[in-house]
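Structures follow.
Heads up, the next two complexes both have chain A, just with different partners, chain B and then chain C.
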Partner chain A sequence: MTTTTRPSGDTPEQMSSRLRSFLLRQEVILLIISLLAVMFLAFGSDRFLTANNLLNQGRLLTEIGLVALSMTFIIITGGIDLSVGSILGLCAIVLGVMWDPKGAFAFPLEVAVLICLLVGIVAGFVNGLIIVRLGVPPLITTLATLALYRGLAEGISQARSVRGYPEEFYVLGQGEFLGVPTQLWVLLIFCIITAVVLSRTVFGRATYAIGNNELGARFSGLPVGRYKILIYTFSGFMAALAAWIFVSRVSTTRSDMGSGLELDAIAAVVLGGTSIFGGSGSIIGTIIGFILIQLLKNGLALSGVTTDGTIVVIGTVLILAILVNNFIQRRSGNG
Partner chain B sequence: MTTAAPTVGGRTRLSQSQSLVSRLVGFATSQEVVLLLVVVLLFTVVGNANPRFLAERNVLNIFNGNAYIAVAAVGMTMVIISRNIDISVGSLIGVLGTISGAMAVNGYPIWSSWLVPILLGGLVGAVIGFMVAYLRIPSIVVTLGLLSILKGGLITVTNGEWITDMPADYFLAQMRTPELSLPGITIPAIPSPIIIMVILTLLAALWMRYSATGRAIYAVGGNAEAARLSGISEKRIIMTVFIINGLCVGIAAVLWATQLSIIQSTVPAGLELQVITSAVVGGVSILGGIGTTVGAMLAAILLSAINSALVFINVSPYWFRSVVGVLILITVLTDMLRRRRTQI
Partner chain C sequence: MPPEQPPILEMGHISKRFAATQALSDVSFVLHPGEVHALLGENGAGKSTLIKIISGVHKADSGSIAIDGQPVSFNNPREAQARGIATIYQELSLYPDLTVAENIFMGHAPRRKFGPVSVLDWDAMFSRAQELLESLNITDMDVRRKVGTLTVGNRQRVEIAKALSLNARVLIMDEPTAALTEADVQRLFEIVRLLKTRGVAIVYISHRLAEVYEVCDRVTVLRDGHYIDSKPVSATTEADLVSMMVGRTIDNLFPKITAKIGQPVLEVRNLTRKPLTRDVSLTVRAGEIVGLAGLVGSGRSELAQVIFGFTPAESGEIRIDGKVVKVRTPGDAMRHGIAYVPEDRGTQGLVRQMRVRENVSLTVLRSLASGLFINSQSERQLAEEKVKEMGVKTPSIEQIVGKLSGGNQQKVVVGKWLATHPRVLIMDEPTRGIDVGAKAEIHRLMSELAGQGLAIIMISSELPEVLGMSDRVLVMRGGQFVAEYSREEATQEKVVTAMMTEHGSTAA
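And then the complex of A and B:
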C-alpha cells in the first residue's frame, strides 16, 4: 500500500495510475457507497435525514465504534478478538453488582465504574498474555475467553439485572454536551487518538510491521510481544468503556449485554478496508465502516425491516466486503 | 503462529524403534484415554456425592440427549484438523432442525423430513468450502457472516413461531432398538442417537486414519505446502471437509429436532461453542494436523456430564459457560506444552 506522496514531476500516465489506485482504495469506495446509501435512505424515509435522527444514531453507534477502533489494531497485527462482547457483558455486570446498594458491595458509583474499567483491562491483558506468552492462536484464545467471560457474567449475575442508577449517571449515555450526545464526544476523542497513534507514531508503524511479518519485526528489534499484549489490553479497556456507556444509555445491567458485538465490530473494521490477514488498514476506514453499518441498520429499521433482518444484511455485507477487498487486492497486485 | 523449532540434523519426531514401554506410555497419556478416565472419575465422584446423578434416566439423558453435539463434533474435528473453523454450526443446526420439523408438520413424507435437512447441510457446507478454498476468504469470516445470516434469517422467516404436533413417527431420536434376549445375556434397548453417534464417530475415525483422502486432511492441516508438493489438492480437501461437516451438522440437526416435542424456531444459544469445545478438548490440535473423532465424542460426553453434574452438586448452571472456557484453555495449554516438548 502506498501511503507516502512522491515529489511532483510525474508523467500523465503515472498521474492517471495514481488517480486510479486512489479511487480504488477501500476508504474512497466506502465513502462513495456511504453517500449513495445516505441518498437512497433519505429518499426512502423523510425521518432519516434529520439532525435529530442522525444524532440519535450517533448514540447507538458509540459502543460498536469504540470496540471497532481497538479491533482495528488487533486485526492489523493479524489477530482477532472474539471476546469483546463478553468483556462488555462482564464489565457491565461488575459495574452493576459493585454499585448495587442492596448488594454485598454497595460501593460509590465512581468506584464501581473504576472497577468496571479495571476488569476490562485485566480481561484484555489476560487475552494478550495467553496469546503472546503461551503462544495460543488469538482465535482460540478469545473463543475460550468469550465463553469464560460470558460465563463469569452469567455466574456473577445469576440472571438478575441491576437498575435504578442515580440521575447523574445517565449523563454519559443519555445526556448532551454542546447539543451533541455526550458519548459521541468520547468516541470522537478516541477516534482522533487512535488515528494519530496508528499513523503517526512508532507504535503504529510497529503494528503494521507485526502484521506484515511478525518474525521480521522481531528480528528488527521491535518488542513484538509487549506491543501485542498492550493492544489486547487496550481492546479490553475499550470494551469496558463501551460497557459503562451502554449501561448508562439503557439504564440497566444484564449479563447478555454485548453478545454479538464482536460481529459488528469485525464487520466495521473489515468493511473499512483493513485486511483480515493483517498488515494493512486504517482508522479512517473503520470510522466510515461503523458509520455505514449504523446507517444501514437505521435505514432498514425505518423502512420496516426487523432487527433480525438487519443481522442478515450485516452478515451479507461482511462477506461481500471481504470478497470485494480480495478482488481489488488481487487486481492491484497483478497490475 | 508459533515459531516452529528447526529440526536439527534431520532429527525426526517418530522413530521406528520405539520401545514397547514408551508406546504404552503414549497410549495411556493419549487424549482419548485421559478423557475416558476423567469421565469415569466424574461419574464416580459426583455419583458418590449425589447418587441420583447415576439414576438410569439421568445417565441416559447425558449420553442420549447430547449425542447430536458429538455428531456435529465429528465434522468440526475434520474442519479444525484442516486448520479451519466453523462458528456457524449452532445456527445451522437451528435452521436445519426447524426445516425438518416444518416439513414433517406440513405433510411431507417423514423420510424426506429427515433426509432433506442433511442434504441441505451438505449444500451449505459446499458453499462455505467454496468460499474458503476458492475465493480465499478465511473460514472465521465466512462462518461469522453466515452465523448472523442464518440466525437472523431463521427468526425473520418463522417469526419465532413454535412448531408443535409433529407426526408420531417423526421422532427419530426417541426410537430404540428392540431388546435382544440372547442365551445368557440380554442386550438392553439402545436409543438411536447413541447408535448413530457411535457408528458415525467410528466410521469417521477409520476413514480418516486409513483412506487416502482422510490422511490428506491431516497433511493439509499439518503442512499445507508439503501437502501441495506431494500432489494433494488443498482446495479439493477443504471442499470435502466442509461438505462432510455440513452433512454431519444436518444429521445433528435431525437428531436435535426429533428429540423435542416443541421446536422453538430459534438457534440454541452457545451451541457452536459446545461443538468446538468438544473437538478441541477431544484432542484436536488447534494448530491443525492432529486429532481424532473418538476424542471429540468423549469430550462431548464429558461436557454434557459436567453440565448435568453442576445441578447435582448444587452449583448454579449459570457457571457452565465459565467451565467450558476454562476447559478449552486448559486443553489448549497442555497441547501447546506437549508440542513444545516433542519438538525440542
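And then the complex of A and C:
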C-alpha cells in the first residue's frame, strides 16, 4: 500500500514506530538484501561493479522489467499472466515477418512495429475477455494462451529467422542516449508511469480494491470487468514493447524468443513484495525485484557460477525473501 | 436448573491482552449442566475472546479454568473438544461438497476392518448420523445430501449434530440466530430445550434480547472486557440488560421519528428477473421507510440487487422522480441516485483489508479525482467528515476497516453510500450482528435520513426492527409481494402469517 503523508506534529514515539514499520517493509528489506548481494558479488569478480557492466545489465533487464511492471497490476488484482513470454515471441515474429523485404508483406519498418504492438494489445485483450466475460480463471486462461500464442508464433515463422534490419532500427536495443542504453530510458519512463498510476489514480486504487475483495469492489459500483480487461490488455502491450526492444537488441527474430520470460517477471514481482494472493504490492518493490534478479544472474556468471547454479541461487533467494517477509508480517501482526 | 448441581465449567479471573488492547480483565464465568447461559455485551465487550479461551483457540494470560472441578489448560481447540467443549461459530464451518453424514463425522468417522486395512464404514456412518439427527427430533433431513444444498437453518442443525457426535457437554453458540428465519429460530429453540433436558450446558451469545428471555436461564454481561454481573434471567428486565451492556439507559430501541412523506422517488414497475424477482411493483416516497419482510430465500435481497443493477432486470422498468432510468450496472444505479448497503458487510459492503479512508471514498473516487488523480486532500476531508457524521469509533481514518467492530464497520458502509448523495437508500439487514448501542445509532440515522427526504427501503429479518422502523411493511414470498401493511396495521402476527402461509415451514 502507498505511504501517505500525515499531518505533522507526531510525537517521537509515533515517529519511531513509523520508522520501524518503514524499515520492516518488504521493499526496504529487499533493498538491503540487494545491497548485500552487490557487495558479495563485487568480491567475486572485479568486472562486476563497473559502470560499463551495470549499464550493460540494464539492457538485459529491460524486457523482463517492462513485463514485470504490468504483471504487478495483474498480480495485485489476484490474477496471473503466464502468456507474456509467448506474446513476446508472437509479436517478435510478427514484426519480422511484416517487415521482411523478401517476404509476402514487406511493409515499412514503422508499420511493422505498429502491427507488432497491435498484435500484443489484441493478444492481451483476448486474455482479458476470456477471463472476465467467460469467467475462466486467469491461470487456466493464460496457460492455454501461452501454448496458443507460442504455437501461432511458430506457425507464422515456419522455423525461419528474420535478420538484416536497417541500422537505425538498432538504436532502441543497442544504442545509447546521454550515455545510458536507450531501452533503459523507456523502462524508466514506464516505471514512473506505472508507479504513479498505481499509487495515485482511481484506476490504481481500484486495482487494490479488486485484489482485496472483488465482490466488494463491484458492489461499490466500480467497473471491475472493464478494469481487468484493461490490465490484461496493458500486459499484452508491454510484452509487445518488450518484443520490439528484444528484436532490436539481438538483431534477429526467432519464434522461441521470450520463452520462460513469464517466470522471471512473476519472480521479480513476488520478490518485490506483491502478494501472490492479490491486494497488496508496489511498483518500487517490483523494480528492486527485477534489478536484484538481473544482478544475481550477472554477478554469479562473472564469478564463474554456471547457469544451472545461478538458477538455484535465484530460487533460493526468492524463497528466503518470502520467508523473511512472512516472518516479519507475522511478528508485526499484519499477516 | 437446580443450583446444587456442581458447575461443569468454572472460569476465574481470566485476563487476556492482544497487543494494545486489553480484551478481558478479571472476568469470571460459571456454567452449570443443563443451563442455557446467555453471554451478553456490545461488540468488543470481550464475548468472542472469552469463548475462544473456553474453546482452546486462545490461551488466557492469567486466571483459571476448571472442568468438573479439575483445573485444565487447553493448548488448542482439539484438547478442548476432547474435554467435551464444542463451538458453533457465526461462520459455519462445514464442507459444502460433502454429505451431511460426512460432515457430522469429519475426523472421527466410523471405520471397519477390511482385511489388514481399516476403511470407512459408510453404512454405519449414515445410520449413526440418522440416529443423531433423530435424537434431535430432526426427521426431515437426508443424511446423504450435500451440505451445500441445505438452508442455513439446516446447516446449523448439522453443526449441532456434529458437536453432539463428539459427546459435547458444553455447547457454545455464537449468534446462532443471526442468519436464521423466524421458523428456523423456533426449531433451534426446540433443539436447545431438548439438549438442556439432557444436561448439556449451553453458552448462548445473541444480540436479540427477546431470545435471551425465550430460552436462557442465566445471563452474564460483559462490558469493555470487564465482568459486570451474572443473574437469573427471570430477575432482570430488558431495560436492565441494555443498561448493563451499554452502561446507560436506552429508552427506545427504535427511535422512529415520522418524517413528512413527499412525492414518489423510486417507482418500480413489473420488474422481473427469474427466479426470485417476479413481476414486482413498488413505490417509495421521499421521507418514507419501507420495510421488506420475508423469510430467507423469499427474494428480498434479490429484488434489491435487481434495482441496484448488480443483477440487472430482464424486464420491467425503474423510475426515479417519475423518469424512466436504465439500470444495467451498479454504476448506473449510483448515477441515478440509488445506493445499496448490502447484506454482508465483510464480503460485499467493504474491502476489509483497506483503510477507513479508502473504503469511504471507493464509491466516489471519480468525483474526488482531478483528472486521473485522486485528490488526497478532498479524500481525507470526505473520510473525516463521514467518520464524524456517522460517529464511527476509529483511532484514525487510516485504520484498517477489518479491525473495527461490526457496528463501526456498518457505519463506514452507510457513510460510503451517503457520500454518493443518494435519493434512494436500500439497506439490507442494516443491523445484523451489531451491538445494541450501534444498532440504536443506525436506527436514529435512518430516521434522520428519512427526515431529509431520502426514500429508504429496509430489508430485515428481525421483525421488531421492521415493525419499529417502517412507515409501510411489504411482505415477500417466492419473489413476489404477498401483503402490504401500513405502520398502524402491521403486527407481528399478521406479518409472520403472510411470510409463512402456503409453506408454513422452511425445512429443506
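Methods note: the second predicted complex is superposed on the first by the 318 of 335 C-alpha atoms of A that agree within 3 Å, B and C clash if a C-alpha of one lies under 4 Å from a C-alpha of the other, contacts with A are read in each partner's own complex, and residues count from 1 in each chain.
In this text, a residue touches a chain if its C-beta (ideal position, glycine included) is under 8 Å from a C-beta of that chain, and two chains touch if they have at least 3 such contacts.
Since we're looking at a predicted model, the values are computed, not measured.
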Chain B versus chain C as contact partner of A:G315, first or second or both or neither: first
Which of chain B and chain C A:N56 touches, first, second, both or neither: neither
First, second, both or neither for A:S303, with chain B first and chain C second: neither
Which superposed partner A:L146 touches (first chain B, second chain C, both, neither): first
Most chain A residues touched (candidates chain B, chain C): B
Partner chain(s) touched by A:G279 [first = chain B, second = chain C, both, neither]: second
Partner chain in contact with A:A206 - chain B first, chain C second, else both or neither: second
Partner chain in contact with A:I266 - chain B first, chain C second, else both or neither: first
Touching partner for A:L215 - first (chain B), second (chain C), both, neither: both
Chain C-contacting residues of chain A that also contact chain B: 215
Sites on chain B touched by chain A in the complex: 1-3, 85, 87, 131, 135-138, 140-142, 144-149, 151-153, 155-156, 270, 273, 276-277, 280, 286-287, 316, 318-326, 328-329, 332-333, 336
Partner chain A, residues of chain C touching it in the complex: 19, 310, 329-331, 333-334, 340, 342, 347-354, 358, 361-363, 365-366, 369, 372-374, 376, 398, 416
Residue numbers on chain A that touch chain B, as the complex places them: 80, 130, 134-137, 139-141, 143-152, 154-155, 157-159, 214-215, 255, 260, 263, 266-267, 270, 276-277, 306-312, 314-316, 318-319, 322-323, 326
Interfacial residue positions of chain A with respect to chain C in the complex: 1, 4, 6, 197, 200-203, 205-206, 208-209, 212-213, 215-223, 279-280, 333
